[in-house]
Amino acid sequence: MTQMILTKALYTVISLAVITNYALILIGTMARIRAKVQGRVGQPFYQPYIDIVKSNAKRTSISHGVMFFLGPVFRLAGGLGTYLFIPAIFGSVIFSNFSFSGDLLLMMYFIFFGQLGMALGAGESGHPHSAIGVARGLAQMTAFELPFVLSVVALAAQYGTLSITEIVAAQQGGFTHWAAFTNPLAMIAGMIAFLGMSGANPFSVVVAPQEIPIGPPTEMQSSFLGMLQTNRAIFNGAKMVLFMNLFWGGAAHENLLVAILIMVVKTFLIYLYVTIVGASFPRFKTEQSIRFFLGVPTVIGIAAVVLQMV
Amino acid sequence: MSDQHTQTQISSAEVHEVFADLHTRYGVRGLEEKRADQAFVRTDRDEAVAVLTHLRDRHGYTHLAFLTAVDQIEEGRFELLYMLHNYELRHDLGVIVEIPREGDGCSMDTIHRMWPAAATYQRELREMFGIDFPGSPRLHEDFALEGWHDLPPMRKEFDTREYSERTYYARPGRTKTDTRQHMKDTIYPSEAETW
Amino acid sequence: MMTQILTVLAFLLMALGVWGLMSRRHLIRIIIGFSLLDTGVHLLLVAFGYRSGGTAPILSDGIGVSGLVSGAVDPIPSALVLTAIVIGLAVTALMLSFAVRMYARTRSIYIDKNKELKW
Amino acid sequence: MVSPVVLIAASLGFAFLYPLVERLGERAATRIALLVLAAFAGTTAGWTVSLIGSGVALTADTAGFVAPLSIQLQVTAVDALAMTVVTLLALAALVQLTERATDRWHGKQVVLFFVLLLGSYGLIMTRDLFNVFVFMEISGISVFGLLSTSRDGRVFEAGFKYMVASGLASVFFLIGTAFVYRSVGSLSIADITAAAPVALASPVGVMGLLFLVTGILIELKPAPANGWAIDTYQAADPGIGALLSAVNATAMVFVLVRVMPILAGASPVFVPLVLIAGAGAFLIPQAQALLQESFKRMLGYSSVAQIGLVVLAIVIPAAGVPFAGVALAVPLVLLLNHAVAKATLFWIADATGDDASGFGGSLPASLRGRPALLVVAAIAVLALLGLPPFPGFWAKWSLVMGLAAGGHIGLLVVVLLGSLLEVVYLGRWLIMRMRHVDDDATVVSQRIPADFAESRADAVSGAASGASDASGAAAGAIPVGATVSLGLATLLMAGASVAALLGSGVGMPVLIVLIGVAAFAVLDVLRIPLRLQAIVAIAGLSWWGVSAVSGAALTLQSGFVLLFVGGAVVQLVALLARPGRRAGLVALIVGMVLSLAALTAATSPLEVFVAWELMTLTSFFLVVRGRFAAAASVRYLTFSLASALLMLAAFSLATAANPAFGTGGGVIGTLTTSVPWAAVLLALSVLIKLGAIGLHIWLPSSYAEAEDEVSSLASSVLSKAGILLLFLGAGSFAAPLFAGVALNQVLGWIGVITALAGGMMALFQEDIKYTLAYSSMSQLGYMVLAFALMSHLGWVTALYLAVNHLLFKGMLFLAVAGIVMRTGTRLMYQMGGLIKRMPFSFVSVLVGIIAVSGVPPLAGFGGKWLLYTALIEQGWYLQAALALFSSGIAFLYLFRLIHSMFLGQRKTHHDTVTEAPAAVLIPQFVFLVIIIAISMFPNLLIKPLQTIVEPAFASSVRWEGYTVISSLGYWNGNAVMYVVIGVFLAPLLWLLAVKGRTYRVEQFNIVFAAERPHTPQSTHYAYNFYGHYQKAFGRLLDPWVERFWSGVSATAGTVSQTLRAWNTGNPQTYALQILLYLFLTYLVARGGL
Amino acid sequence: MATADTQTRRYQEPGAPGNAAVVNPDPRTVTGPAGGTGQGDVQTVDGQLRILTEELKLANADLRSEDRGNFCDHPPEVIKPFRAFWENFLNWARSESLWILGFGTGCGAIELRPLMTSRFDMYQYGIQGRPTPRQSSVFVIGGYASVKTMKRIVRSYEQMQGPKFVLGLGSCTINGGMYWDSYNTVNRLDHYIPVDVYIAGCMPRPEALLAGFVKLKEMIKRGECEGANRYAENFEWYKANQKRIIKNWDMPDYNW
């Protein structure tokens, strides 16, 4: 028993280390790529590490209260948990994480865990801009949730299961088996929702730096900010892995390193897609993005579901 | 079209007509025509509001461009300048009112009921010159300065350099150089010839 | 035959009464109409009890009970009418007194000035 | 035995002798009169007892002849009972009358009174047609005389109209009598009845009977030819009105009873004729009464309507359970119920001097602060509305059952619709009288001060003040006489209720409800403080609950008993925080809980319905206690009773189709009916109670405007009654309804749309209690959705959600109660930053909202997991997506709730706020512990729920340790909890390790664009929190439903306005109407033109 | 880097008036916080200036009484750096991740903008803007600081979390520049907040600004930028100076 727990703990640490470092490097690299596109040198690819170290190296921090203090903890816990409830690499024991605790529904609801904690922390900071950011973020979240849910339901209907592992298993055997190609409508709705989920342009009104300085984390600093930066990497990684699993066949290979490579490539492409869209469009207002998500993507999602029903 | 817009629509004779009217009614004096589209008149403090009202209602000077003051410390008075504008004629008319600098006399009737925007000018004048405008809204609230307790800084007897030295810890060793000369001598000696 | 005539007459009287009741504005006239209506009904009752050639239903020595049963007009309607007349009288009196009070209150004897209560 | 003649003679004699008696002095004379009446009452009571025993009638012939030559008086048991009640009411009326009489009229009034009594006795006893006329006229003349003693000068005008109308009626009656006599040759009713099929079947005979019956009907004041009667009720002194309504009308009904056999024998047209007349007489005045501004006039309309109902009951053979087989029991009970109740209401109008009616803030709250009078008035109104436990209820039940059994669907609709209208105006009257004096009766949604100013007084909830302190209404002393009369009437009603209840055959659980209420009412009378009462209630209910479920297997019944009683007991603890006394609060709560329990134990449709009605009533009286709850409780009462009436209709239809319907009880599917319409009505009824979209407009304001503890109980416990009923009627909903669509599919869509709409509306509320109320609506929508799945997992989900909702909504509402108690406001944006002052409340709310929104690892997620799994399993994909979307919305409003109250900036004047009292916190933490427990170990809850559902469906999930596995997915609550603890602790330890020196700063120490925040009020972002959401949805969020119901209300008003304009106030119009009525009866008899 | 340096030299000849290139004046060497009667002395107005109470809490005496409970009353504290290697590592991280507070206090702020452009690309030096003082580590005072702005500068500076660095941009921050005799412009920024690097010029070009940043990075790496600690050490002195010019002090004594 003890040995089992220790093994699991070790696997968890490995899995988390891989995803954290990968996601941090991915963020740094993507920033550098963006800089290159703009004709700049750009920050070093390891800049996210420096920033996190710097934030944690602050000598003082202020706390507005218990929830403020715990907010980033909740947030990071949400990110970690979300990742840990997803089997990152199909068929790998090390990367199966804690996916035995629950299925897709658990994962979808666990996303709220971090949001809620962060929102509470931001709320206790007493800063109106934090609250405004949270209000916007939550509103936008419910909006993109609808197409996302529709696409997930379409997938569940298609494969007759809510287990992520089984969904990935059903997509094995060549890229034509990927949900992206067997259920393109669901994929489209889901990938549009993913834009909202990642909070990049045009759905970045939550943090709108010019208007409501940085939104929810306006008051967050020092180690708190460091945790949020860490979470940003992990949570992003988790979401990309999830979408990779749902629509893009997951990462599966008998050789673990090849499987990781597959994951790296796929998530990189997913992130690139977000970056490209983000670089190409201006920011929506909150009500605009709500209307957007409840418009075309929702209709596509409904179409995907209806296709499964008939 | 644009020419018509910029050109003044009023002739000197007409300006004189307005002046004559004001003169006969209110004893306005001292017409100075600085430009074709700009003239100044002087009036007494007691008549000033009536003159302004008359100008606004009868002669079409509906716009208060600004209200400011000039400290004529040598003559011991402030000159309040009400700059009015007539949109139809594209003509500016400055009404100069002289008021005493010191004591209770350093005050003027408020005109914020005629031009609500005037209240803001009057706040500024109160703060910068210490001119009182009884009845003007929010007159004694801070305007540009926060918590100023000294002499109103725009009065000429206020020594701003002395105040600065007294208050702001001048850094020793500061020298003053004529900028133009410095640039010629030191920074752009080669290019200076071409200026 | 007599019965039919009387019946028709009774209904005519009733119709007259109803007409008076419905068409007059003056309270007293309404009451008169009402009385006419009453009278019509009484007449109807009497008419229904009438037996052609019958005697008055009075129990006297000359006529025995059997003679009365066979020869006299039906006594019950007459008895009823008597009762009804009394009652009608009482009601009419009450109506008149109410009319007086209404007039005292509103200073108008006309019905359409006396309709505060409605809806 | 005393001969009937004696009674007549004694009445007459005493009336004549009274002027002599009066010489003994006024008081003595009054006493003698009362004694005489008492003797009458004794006589009639004696008759009743012996006649019920012997079963034969008491007959007396006058003038030494025998019938038909003589006038025959006869008393049956029914007659005797009616006469007893009439006499007792007369006794009460006399007390009231003599006290209120002016000197001028005193003696004359008594004389007239006895003449009226004589007439009434005569009408009941006589068996001679002409004699009926005589007694009618005697009654009439005495009524006119009594009328003229009224204070209101308009009474002469009214009396004049009455005389005209009554004169016409007499004329008709006489004409009819004449025809009948001519055809039959006898005036004895017995003879005529015997001869009718032969002698009166001719056109002439029928014509005569038509006149006769029209005359009688006119005397019964049938709508639409009854304006004169209404005018009279309005102008007469209430005491006279009471006599008119209770004594005179009662006696007149007996005339119809006598004549009915003749009519039925003579021609088949008369039964439908009288039915139509009765239906019209019942329905039309109910509509006309809606807009009345005079209470007496409204009562007048109500009186004539009630008589209409009695007329219906006379004709329809009742087939319901109570009084089955007793001839005329239904109309008699209805009649006497009406007589007592109506007399009571008239006397109350007299005692309070309040003749206002209708709806508006300016109306006097004349029963506020007069608890005794309020109880009496409430009893009268409830009895009049035919609600349990009053006799009228059983009669109405039987009547409706009879209508359904007889296939009179149209009449069924008329009766139910009329009853509903009656609920509206009488309920409104009662609510307006008992409302808080501050209440302008307009509050149906949140109130926000126009200038957003902090105003404590404005937003203080009803809870802060309580019911007992309100004595704004000038409470003049009630006259002794009125007290006696009202007391007598109430005793009469109570006695009748007990008798009817015992005779109705309902089981013990229902009786326990009433015993419970009565017991705690006694405690109130003894002025026992609230806390003590609460302790007694907690102990009693716990004991009762434990004894009810101990040893029993876990079934739907015991499960719901646990839910209801357990939930209520825990929340009752919160009452310990309230010092002082609150009359009626505990009694009503106990009544509500016990009636919910009775609902689970009901073994017949009647019991279900009684329990349902009792639950409605107790909860209504709980809701109406709120400080600004008048308008809300009008909606609550109207919709609740509409729901009850629909249920009644459903039951009657179902029973008519299947006499065995609903017997059994307490198990899933008891109330299954195969009649589609019954199923639809049942579903509608339950949907109203569950606040489904479109039918929800009563819910938010009722939950929100009630006192805080009541809100909590209503939302967490009471709302589950509908769910229970869904399960009881489960089998009804699965059958295809039309075009292959089953009712449960419709229910499912309604459920999910309700969930979404409720959440949407909760988003935009500033008032915390409205937010929670809308949230309840939304959650109930989920339960309906889950139930509608009609699958094992769906039902487990429905029950799971019900339990979960009870836990977290109880917690949230109680936490809010504590906060409102401390901060004195219900508006969220006026709170803020309370986390530091009320940390325990914060924890409770936090756990509550996590549980509601379904965020793992708490129990709420279990509900979500079950729901979506069940939905997807059934192929309800779109519903699943919508449900998920609305669960996101739920997350939004819940965050807003916790943020606006606890986070953000604390107001300076809340700096000294303290934590909620322990008594309020304890129940919250009890719930909290339960939530944590079932989160850790979901099998603790899900497995028992599976057991409950097992009888209906085989299990479709299996367990592996703590993992529940469905055909679609799996969930291990235990593991999730550990993972969450792990991922939470790791960052926390990391943070504690690496963080530099952390300074605890205040809420104002924020970066504020280099400025400092001005005031907490201007820095707290809470008002219109989701403004952008509103903007995004635009017109979609318009209050369509509210508008629809306003339209319905306006239409009803227009109809009422139009109908009442018919009563022009002109005697000639009235006369014309009477003639038209005659013509109409002729048309009906002829079967058309 | 090299380009920036050259350009700095091109326009900022040492020795030019007010062209102090990069200076790091220690306030204590100019006017000591303790005692002294000179021009730069602490002028306690009627002896009223008391920042700390006996319990070493901030008195917040200038706030309305009902506001006092809304603010923290803890004074700033000196926080000792870690030791050699570890602190060097942290200093490296701090110097490579300079987040500027997006608060343009004067006309010099216009020179900040070009740094974001592709031409100057401050990101490559680990510099980026931040909209809130809480998350920023560098405060660039963009030129003249009027008294009114000074109040906001003090607030924002105090709200930044240490270690924090201040760049004085332009001559005005050094000695008032062309506003040296103005009645409402401070002459020496370092009397009010600790300044790490001055960049002289009126206005300095973006290249100069970049050179300043480079200088700052070097200083941070050497562990010389302890402005936050200096501020805490000489808290009363700074506060007295600030309160001397900021007359309507409607904020807490330390803004946290």
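Annotations for the structure displayed:
Letters A, B, C, D and E name the chains as they come in the text, with residue numbers starting at 1 for each one.
Here is the rule we use: a contact is a pair of C-beta atoms (placed from the backbone, for glycine too) under 8 Å apart; a residue touches a chain by one contact, two chains touch by 3 or more.
These numbers come from a predicted model, not from an experiment.
Shared contact partners of chain A and chain B, listed by label: E.
Each step here moves to a touching chain, and the least such steps from chain B to chain E number 1.
Taking the mean of each chain's C-alpha atoms as its centre, the chain lying closest to the overall protein C-alpha centroid is D. Among the remaining chains, the Cα-based centre furthest from that of chain B is the centre of C.
Should one ask which of C-D and A-E has more C-beta pairs in contact, the pair is C-D.
Between chain A and chain C the centroid-to-centroid distance comes to 98 Å (mean Cα coordinates, whole Å). We define each chain's centre as the mean of its Cα atoms; on that basis chain A and chain D are separated by 53 Å.
Distance between chain centres (mean CA atoms), chain B to chain D: 78 Å. The geometric centre of chain C is 115 Å away from that of chain E, both derived from CA atoms. Residue positions 58-62, 213, 218-219, 222 of chain A are each in touch with at least two other chains. Counting partner chains per residue, chain D shows two or more touched chains at residues 996-997, 999-1005, 1007.
Shared interface positions of chain C, i.e. residues touching 2 or more other chains, are not present. In summary, the structure contains touching chain pairs A-D, A-E, B-E, C-D, D-E. Every residue of chain D that touches chain A in the complex is listed here, in rising order: 833, 835-836, 846, 850, 853-856, 861, 864-865, 868-869, 872, 875, 877-878, 880-881, 884-885, 888-889, 891-892, 895-896, 898-899, 902-905, 963, 967-972, 975-976, 979-980, 983-984, 986-988, 990-991, 994-1009, 1019-1022, 1025-1026, 1028-1029, 1031-1033. Remark: chain D residues 908, 911, 996-997, 999-1005, 1007, 1010-1012, 1016 touch chain E in the complex.
Looking at the complex, you find that chain E touches chain A at residues 72, 79, 81, 89-90, 93-94, 96-97, 102, 118, 121, 123-124, 126, 128, 130-132, 134-135, 137, 161-163, 228, 256. On the chain C side of its complex with chain D, the touching residues are 14, 18, 21-23, 27, 30, 34, 37-38, 40-41, 44-45, 48, 76-77, 80, 83-84, 87, 90-91, 94-95, 97-99, 101-102, 105, 111-112, 114-119. Of all residues in chain A, those touching chain E in their complex are 31, 35, 38-44, 47, 50-51, 53-54, 57-62, 209-210, 213-214, 217-222, 225.
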